[in-house]
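Order of writing sets the labels: A, B, C, D and E. Residues in every chain begin at 1.
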Amino acid sequence: MTHIDQVPTPGAPRPVEIGVKPGTKRTNPFARVFDELVRFAQSRSLFMLHYCTGCGAVELPPAMTSRFDMERLGIQPMVSPRQADILLITGYVSVKTLKRVILTYEQMNSPKYVIGICSCTVNGGMYWQSYATAKKLNDYMPVDIYIAGCMPRPEAVIEGLRGLIENIRTGRADAWKDYYRRYDHYLGNQQRLFGADWQTPTDVIAEARHYDLFGPATLGAHTALLEQHQRPLEALEMRIEIPELMRRRSRSDQGGTAQ
Amino acid sequence: MATSPTTVVDQLLAGLHLPDGFDAVAGVIREFLDQVTNSAIWTRYGQQSLEWLIGMNPVDRLFMLSALTLLLMLLLGRLRSAGVLAVLLYGAQFAALLSTDTLFGAPLAAAVRITVADQSLHWSYDALSWFFAMITIGTGFVTAWYAAGSWMRRYREAGRSARAFHVALALNCFGMLLLVGSADLLSLFLGWELVSWASFLLMALVGGPAAQAALKYLAYAISGAMLILGAIALIYGISGSFEYDAVVAAIRSMTDAQVWTLLLLLGGGFAVKLGLLPFHLWQAAAYAEAPGAGSVFLGAISARMGLFGIIVFIVGMIGVSRLMTLEIPYTFMSSRELIAWIAALTIIVPTYTALQQHDARYLLAWHGIGQGGYMLLGLMVGDAVGSAGGLLHCFNYAITQAALLMAVFAVVHRTGTADLNQLGGLVTRMPLTFLVLLFGIISLAGLPPMAGFVSKWMVYRSLITEGMPLLFVAAVVGTLGTILSVYKLIHNIFLGQLRVEHQEVAEAPLSMLIPMLGLSALIFLAGFIPGPALSWVAQVQGQLGLPVVPWVLGGIVDPRGGLDMIWLVGILMAGFGVGALVFYGFGGRSRRVHQLDNYAGGHFLTADVHYQYSDNFYAGLMHLIGPWYRGSFRWLERSLAATLDLVSFGAEGLYRLAQPTLLMLAAAVAMLAWVL
Amino acid sequence: MDWLSAVSLDGLAAVDFRWLGLVLELILMPLIAFVVGLGLVLMLRKIAARLQRRVGPPLLQPLWDIIKLHAKETQTSHGLIHEIGIVMAIGGYVAAVTLLPVPGMNGLAAQGGLIALLYMTMIPSLGLALGVGQCANPNGSIGISRALTAMLAYDVPMVIVIFGVAFHFGSLNLVYLIAAQQAGGIATWGIVQMPLLALAGLFALQGMLGKQPFEIYVAPAEIATGPMVEMGGKFLGGLFVMQCFQLYTAGVLYVALFLGGGENWLTFLFKVFVVTAIPMTIAMVFPRYRTEDMVRLFWKWPTMIGLLGIAFVMN
Amino acid sequence: MTLELPVDLLFGLNLDLNLDLTRVMTANAIVLPVVLPLLAAFLMQPLAQVSRFLARLLGPLVLTLGAWIILNTWLEVGPAPFSVAIGGFAAPLGIVFYADQLALLFALAVQVFTLLFWPGLGAGAKSEVAADRQRAPRRDALALLLASAATGLALSGDLFNIFVFYELAAVASFGLVCADGSGRAWIATLRYLFISAFGSVLALVGIAILYLQTGTLNLAQLAQVAPETLQGPIGLAAFALLLIGFGVKAELFPLNAWVPEVYATAPARVSALLAGLVSKLAILVIVRLLILVFQQPEASQLLLVLGVLGVLTGEFSAWRAQDFPRLLAFSSIGQLGLVAIAFSIDGTTGILAGTAVALHHLIVKSALFGLANRWSGGLDALTGAAKGAPRAAGLFVLFALSLIGVPPLWGFWIKLLIMVGLVQGGSPLDLLALGAILLATAVEAHYLFRVALRLYQPPVPDRALRLAPPARWDTGVAYLLGACLVVISVAITPTTEALRVLAQQTGDVLLYIDTVFPQPLAYKE
Amino acid sequence: MTNELTTWLDTLLAELEGIRVRRTSRRRLRVDVASDALPALLELLRGRASFVHLSAISCVDWIDAGQFELVYHCWSYEIQSLVSVHTRIPREPGVYISVYDIYRPAAFFERDIHEMFGVWFEGSPDLSRFILTEWDGPPPMRKDFDSEAWVNQHFDWQDYHPDWLKDLETRGGGIAVPPDEQRFSRRNVDET
């Protein structure tokens, strides 16, 4: 039984850590102004990838087009997870779809926000009894905003988005860090569903280490289980390796050692 | 000790017109040579041979060195270090060429002279021959270096004779030097035959498909040579002598009809070698199937001998102005437009055939034909900038094609295949080769920082100012086709997913990398500072009697639209600096990810499915222009071969006649009837 | 801006000042281009919204997008060539923009004429193509192959237009072209003297903008925005910056060729916005062409009109 | 320089072979190379009964003797031509031998080449099959007969005498061709017999017309009389008939239907002799007639037309030839067409070009036929033959290059001479001939190098199909001739000069007449 | 469907004994047959009576009778009518013969029924895991499968305790049935 932990108190702006190395204090005075500007830009411009898993997707076209016009809020629909900030999960998430949703989530560049539309993502919705659907979305990935309703009307969707924009502006929408900080918890839930050899091409632990988002709970029993099955996917780095040169140098080394 | 190696070095450096920055290098060479001169062996017979070598007529020295290279390769070809020896010899030939100093000085006649039955052959070097000889020996030097190291080791392991290769290369160089320095029709034809047979040898070295392609080349080359021989005979008939000045006088006195026949014969003969449109079918297979380094040499310079012939005869002797007066009846086209249109079509058709190739060597070979069209088009426009563009493109394209083919054969050396559908993602394993290919394709496509842009810009500018819209559009369509096919080349080989079997591919060996990197540096330099190259071209124009291009270190100064490459490349580099500043400065930290961590619509990518698009690369375009490829030239070639078969069948039929005596009787009666 | 033109060109005759002026111009021109480009992008999205009876994005939306993209915290790159590709894309246009004369600043127009400008705009597309190539995503490769085919298609009328204008005014140097057009007021404008070429130029402009009717290479549903499929964070930000430069270059080039360039900044900006507004409105009401239909369209009508225009220009 | 030769010396030749040569007057010795082989041929059969070894030795011995005599006379007498009245009978009645540079050159060539391509030597000798041992003397005799007839053709100055030697050569070649007795050889020889017989008939009619018109058959006298009597169509008709008569052997166009069959089936050495030697002599005769008797331009035009047709049909049918000897046969038809064209060019350049082409073809084609001795059979059997015999393949390429006319080699200069001659001729027919030659060369280059490339391809896997490398003797001869070609190519200027002098001398009709009929019948120093 | 055709079908079926035919409408016919006679009937229908299309196989779990009922819906294009052949197989071994050789599509229907009900079809080409790729529990459509229990065991629930509920409760309010009692099924979770 987990709770939506530490419900952030509205209105208290918290400094945005821009991938800054821990320990380097941001001294220059412009830092705050720069943070303010960046947070404002992040809140004013959001790229939305709506992953229409279930029936909720039909509510989004009206939210985008002339009557409710999401673009007023600076929100544009985008196609590929690399470009998107918001992952809109609309409708029930079957176990098979959940695999793809997690893959898409991990392919997104953070700061990324997840909005669960329709009550099916909140607590199972009308498929709460079904063996095939995931009941609680934020077991598997940190969710920023839930918009309940068995297909919420566009006004509700816009209201949810406004809530998200408000959270971003005040800096409280950093649930995405939670995915890195408590990766073991999420991985446990995922392995519970998909079995022990579940893995995604994205190497989340290495990413956490790269961007210094390592929390205490990132590694644990489940990540240990993952280590056994994971075949690491490091990037193919460019290398200039000329065997003829190597052989000659090694021969000259042997020459050196031979004397 | 009047002449000693140090004085020779000084003379060479002076000959090179190098900017004074190179004094330090010259100093190092001088003391090294001082040590040599006071060694024992040198005093005994080193000195006399040096004096003899210096005293010789420079052009003779060049021929002697080239013949020496051929002889040494014949004798020592099998040695392991034959490659290194070849490189040194080509270097010596280059030095000898520099010492002739005929580019900036006056034309120099060679002392060697052969007279046969009161016809004499003699050779002389002038600016034009110096220009082509410089490209030839340069390409020979680079090719020999490329073939010196592990490429030759692989070539030997494949069971082929290194000696034959070196001999073929040396013969090619020697033949071209003779051809380029010819001063009368006979020596021209001697050089021409030697060049075409030498390139036949270089093509047929590897046997199998290369032999078939070489045989097809031979059929074309010999018929071309026969056309030239016929033309020479006709000229001799009119002028009574083979000397160039007599020929020029004879041409001036020729009637239009005679000039037309001369144009068709000579033009046809040289067009076969240059690969202009109706005779271009042999070149792609012949140049692509030749052994690696051989293909580099052939691709870079061998086809330009045809261009040399056209320059000497059609541009030099007949003159573009005379071409304008030769009207084609019933059309308002003059012969100049006809040749220009052949050149323009030669730019378009091979380039769009290259687009369809799925073998990298064939793709580049087809481009070789296409780019020949630019040179001819530039020359046919005839104004200062146009002809300079054509000539400069000959130099620019030689270094570009050499670099490109070397990169492709480096990939073949490592991965074993040149098939674009079997490669991919090699940028992470062969980055330097990628760099060389990148410089090459930018220059081939004619984009700014590289050399190709300068000469193509000049051709375009002259087409605009001379007011030839349709030719201009044809040339641009050709360039765009080039850009499309070169991107396909670099994308299918270096970009995209790296195949599992190519994970452990290594970078090209050092002996192949040094010439490749040297050439790409030269490509960038010739693009950044086109001044020196333009000065050579200006000399050639002056010697040919064409209007000379107003060149300056950065490019061309002209009120109707100049070009200053130093500014352009400078601002481009500044732009890249700004781009890097914006990208790396403002942007946050990024992390490199594996190639399978890719967006595939939610699908989990695995290594066994090759997630790459390279086959039928321009599918969209091919839907439209696909049906336009009807292979009409292949049909023309096939029908020609069929008529030849029919005629030979008929001729042989005569010999299988049952009643030969009947034939004799008929012949006797016919003769008697004719006589009485 | 007038004080600048006074200072840099004819005010102080001393040679080094001219150099200083030129360097100043080379810095200012990209900035102006970027700002005007942002305005054009905003206008594009506003026109799109208005046509769909929507409110449209707030005023500085393009700027916010770019800042947000650059401020992304985790960004995925596929290798050095992927990054260099974006740098070439931005850098190429920064350099190309300096060849476009604007009121008061001539930049490098004298050193490289029209053809040099045409080729300088090809460098960014090649850079982008290389970057997308290393993303190792077939959607990107298909997108690039279509983008190059689109370039092949719209470059034919573009080149015909360039030929016509260059031949008519007798020079490739843009400064000279603009001066010639401004000499006799409206009567000597390119569009007045070469209406057919102006029409063909409009087609080419439509192609150069790469917007709706000829946007097959960014087909979102079919190949997931083609080249931009693996571009996130600063990579996508770089492409947005490139889009601003692209719109600016297209607009200013058309204005320089046919509408007599800018006497002063006000008329210049007005002309640029009006000229780019036309293809944008056309873009928003047209569906997307298939690749071969696009090539067939470009090689049929605009080329015919262009050649007809040249025929008139030539004699 | 004629001398009364005692009659007995000619017929009563004493049998002691240690004839002291220095005693015999050098000029008259020129008759010996014709007579000695004839005599040896008749002695061959009885000698074979006595001892086979001597019989096989006799042929080569006689030939070397003959060659040595000709060489000796040539050096002794020097460049000036001389004529010998056989048996003391003065010119118009008796048989006159006229020996100028050209004739001596060809006579020497006959002796040397028959020696080189002696059927008995080399491979032939080794196969000591019983039937072959029994047929060897007959074959050697025929070879000697052929040699003497050929030398006679080169030297004789009398038309009827030429006709006799021509028939003798024809008969000898019939015998030699069907020497190995295979069925196909018989049919080929039969066909050759019909053509040759028909040709001889026409030649006889020609000679008869000449005799009726001029009353004499001696060439010198004919040369004196010809301008008045033989100018009209009658003269031309005579020439046409003679041309057809002698054209059979000279492989001119309509008359060479026998060539491919005979050369394909005859032993390679015999076809080398026929193609190389005998055809050249036949052409030589026609040229003599052309120079001395028929100076009308129509005559040389007729020869030119036949030459052009010969070149075209020869080269084009060689394109389709499937086996090596047949390919060489067609190629020699083409080359002889070229010789005919060369000789049809008027003036000394014509003769110079003609002799040069003839000599070049003699050297190259006989060497190639030598190679064909073992390499006969289908072309695809030749694949990879270079692996077995690299030297032979190299020589083949050298000869092919010279045939095509690749510059540094002798072939090129000859072709150039012909080109220049034709262009100076300037008539549309000449230009047509020029075009035909160029086209033919292109076709020839293609099919020759198709064979060359086939030689250098990897050999056929199973060994049975592979051809044995050419015999050492044939390769040796080919080496010799190759070296000779290279020497001529390198020393091109002196060779061309010598040939020019020879051509001037042959072209000089008056010199011919006053050599045969010296004004004061006294011995002229 | 023309009348004489229907009558012809009825007479045909009447010949077979041991089957019960009930015509539910003009174009619908229900046939109950013994489980071992079913393939023969299908063969007859497909061969003689032009019922070439097997549109579906459905399965009903009669848990009380301990039986599965398999219904084969065959459609005929000629006479535009549907015959649904019902049969009962015992639930325990849950094994039946496959009709793949008569109707090719049967393979997928049988594979689906196998996954959902656990019925093993002898001779069916491929009965591996079909739609529920991650499923390793008992066949879910069987009545004895308690989906809710499985869900409670594998999934967690949102703990509904929003703050507006908290301050309501402080003021003595609250909701009648607290959330954890609402789910009647949670009871047995706490017990096990």
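The working rule: a residue touches a chain if its C-beta (ideal position, glycine included) is under 8 Å from a C-beta of that chain, and two chains touch if they have at least 3 such contacts.
Keep in mind that what you see is a predicted model, and the values were worked out from it rather than measured.
Asker: Please strip out subunit A, keep the others put, and tell me the connected groups that result.
Answerer: B, C, D | E
Asker: Going only through chains that touch each other, how many steps at minimum separate subunit A from subunit C?
Answerer: 1
Asker: Suppose chain centres are the mean of their C-alpha atoms. Which chain sits farthest from subunit A?
Answerer: That would be chain D.
Asker: Suppose every chain is reduced to the average of its Cα atoms; which one is closest to the average of all protein Cα atoms?
Answerer: Nearest to the common C-alpha centre lies chain B.
Asker: Computing the C-alpha centre of each chain, which chain sits at the greatest distance from subunit E?
Answerer: Farthest from subunit E by mean C-alpha position: D.
Asker: State the pair with the higher C-beta contact count; candidates are A-E and B-C.
Answerer: B-C
Asker: Taking the mean of the CA coordinates per chain, how far is subunit A from subunit D in Å?
Answerer: Between these chains, centre-to-centre, one finds 98 Å.
Asker: Using mean CA coordinates as chain centres, what's the gap between subunit C and subunit D in Å?
Answerer: So the centroids are 82 Å from each other.
Asker: Where the centres are mean C-alpha positions, what is the separation of subunit A from subunit E, in Å?
Answerer: From the centre of subunit A to the centre of subunit E is 40 Å.
Asker: On a C-alpha centroid basis, what's the spacing between subunit B and subunit C, in Å?
Answerer: Here the centre of subunit C sits 37 Å away from the centre of subunit B.
Asker: Could you pull out the residues of subunit D that touch at least 2 other chains?
Answerer: none
Asker: So which bits of subunit B are touching at least two other chains?
Answerer: 425, 427-428, 498, 588-589, 591-593, 595, 597-599
Asker: If we use the touch criterion from the header, which chain pairs count as touching?
Answerer: Applying the touch criterion to every chain pair yields A-B, A-C, A-E, B-C, B-D.
Asker: Any idea which subunit A residues touch subunit C in the complex?
Answerer: 18-19, 37-38, 40-42, 44-46, 65-66, 69, 71-72, 74, 76, 78-80, 82-83, 85, 107-111, 207, 210-211, 235-236, 238
Asker: Quick check: in the complex, which residue numbers of subunit C touch subunit A?
Answerer: Checking each residue of subunit C against subunit A gives 45, 49, 52-58, 60-61, 63-65, 67-69, 71-76, 78-80, 220-221, 224-225, 228-233, 236.
Asker: Report the residues of subunit A in contact with subunit E in the complex, numbered from low to high.
Answerer: On the subunit A side, the touching residues are 1-4, 7, 95-96, 122-124, 128-132, 134-136, 139, 192-195.
Asker: Which bits of subunit B are touching subunit C when the two form their complex?
Answerer: It is residues 425, 427-428, 434, 438, 442, 445-448, 453, 457, 460-461, 464-465, 467, 469-470, 472-473, 476-477, 480-481, 483-484, 487-488, 490-491, 494-498, 554, 559-564, 567-568, 571-572, 574-580, 582-584, 586-593, 595, 597-601, 611-614, 617-621, 623-625 of subunit B that touch subunit C.
Asker: For a test of understanding, state which residues of subunit E touch subunit A in their complex under the given definition.
Answerer: Listed in rising order, the residues are 132-137, 140, 147-148, 150-151, 154-161, 163.
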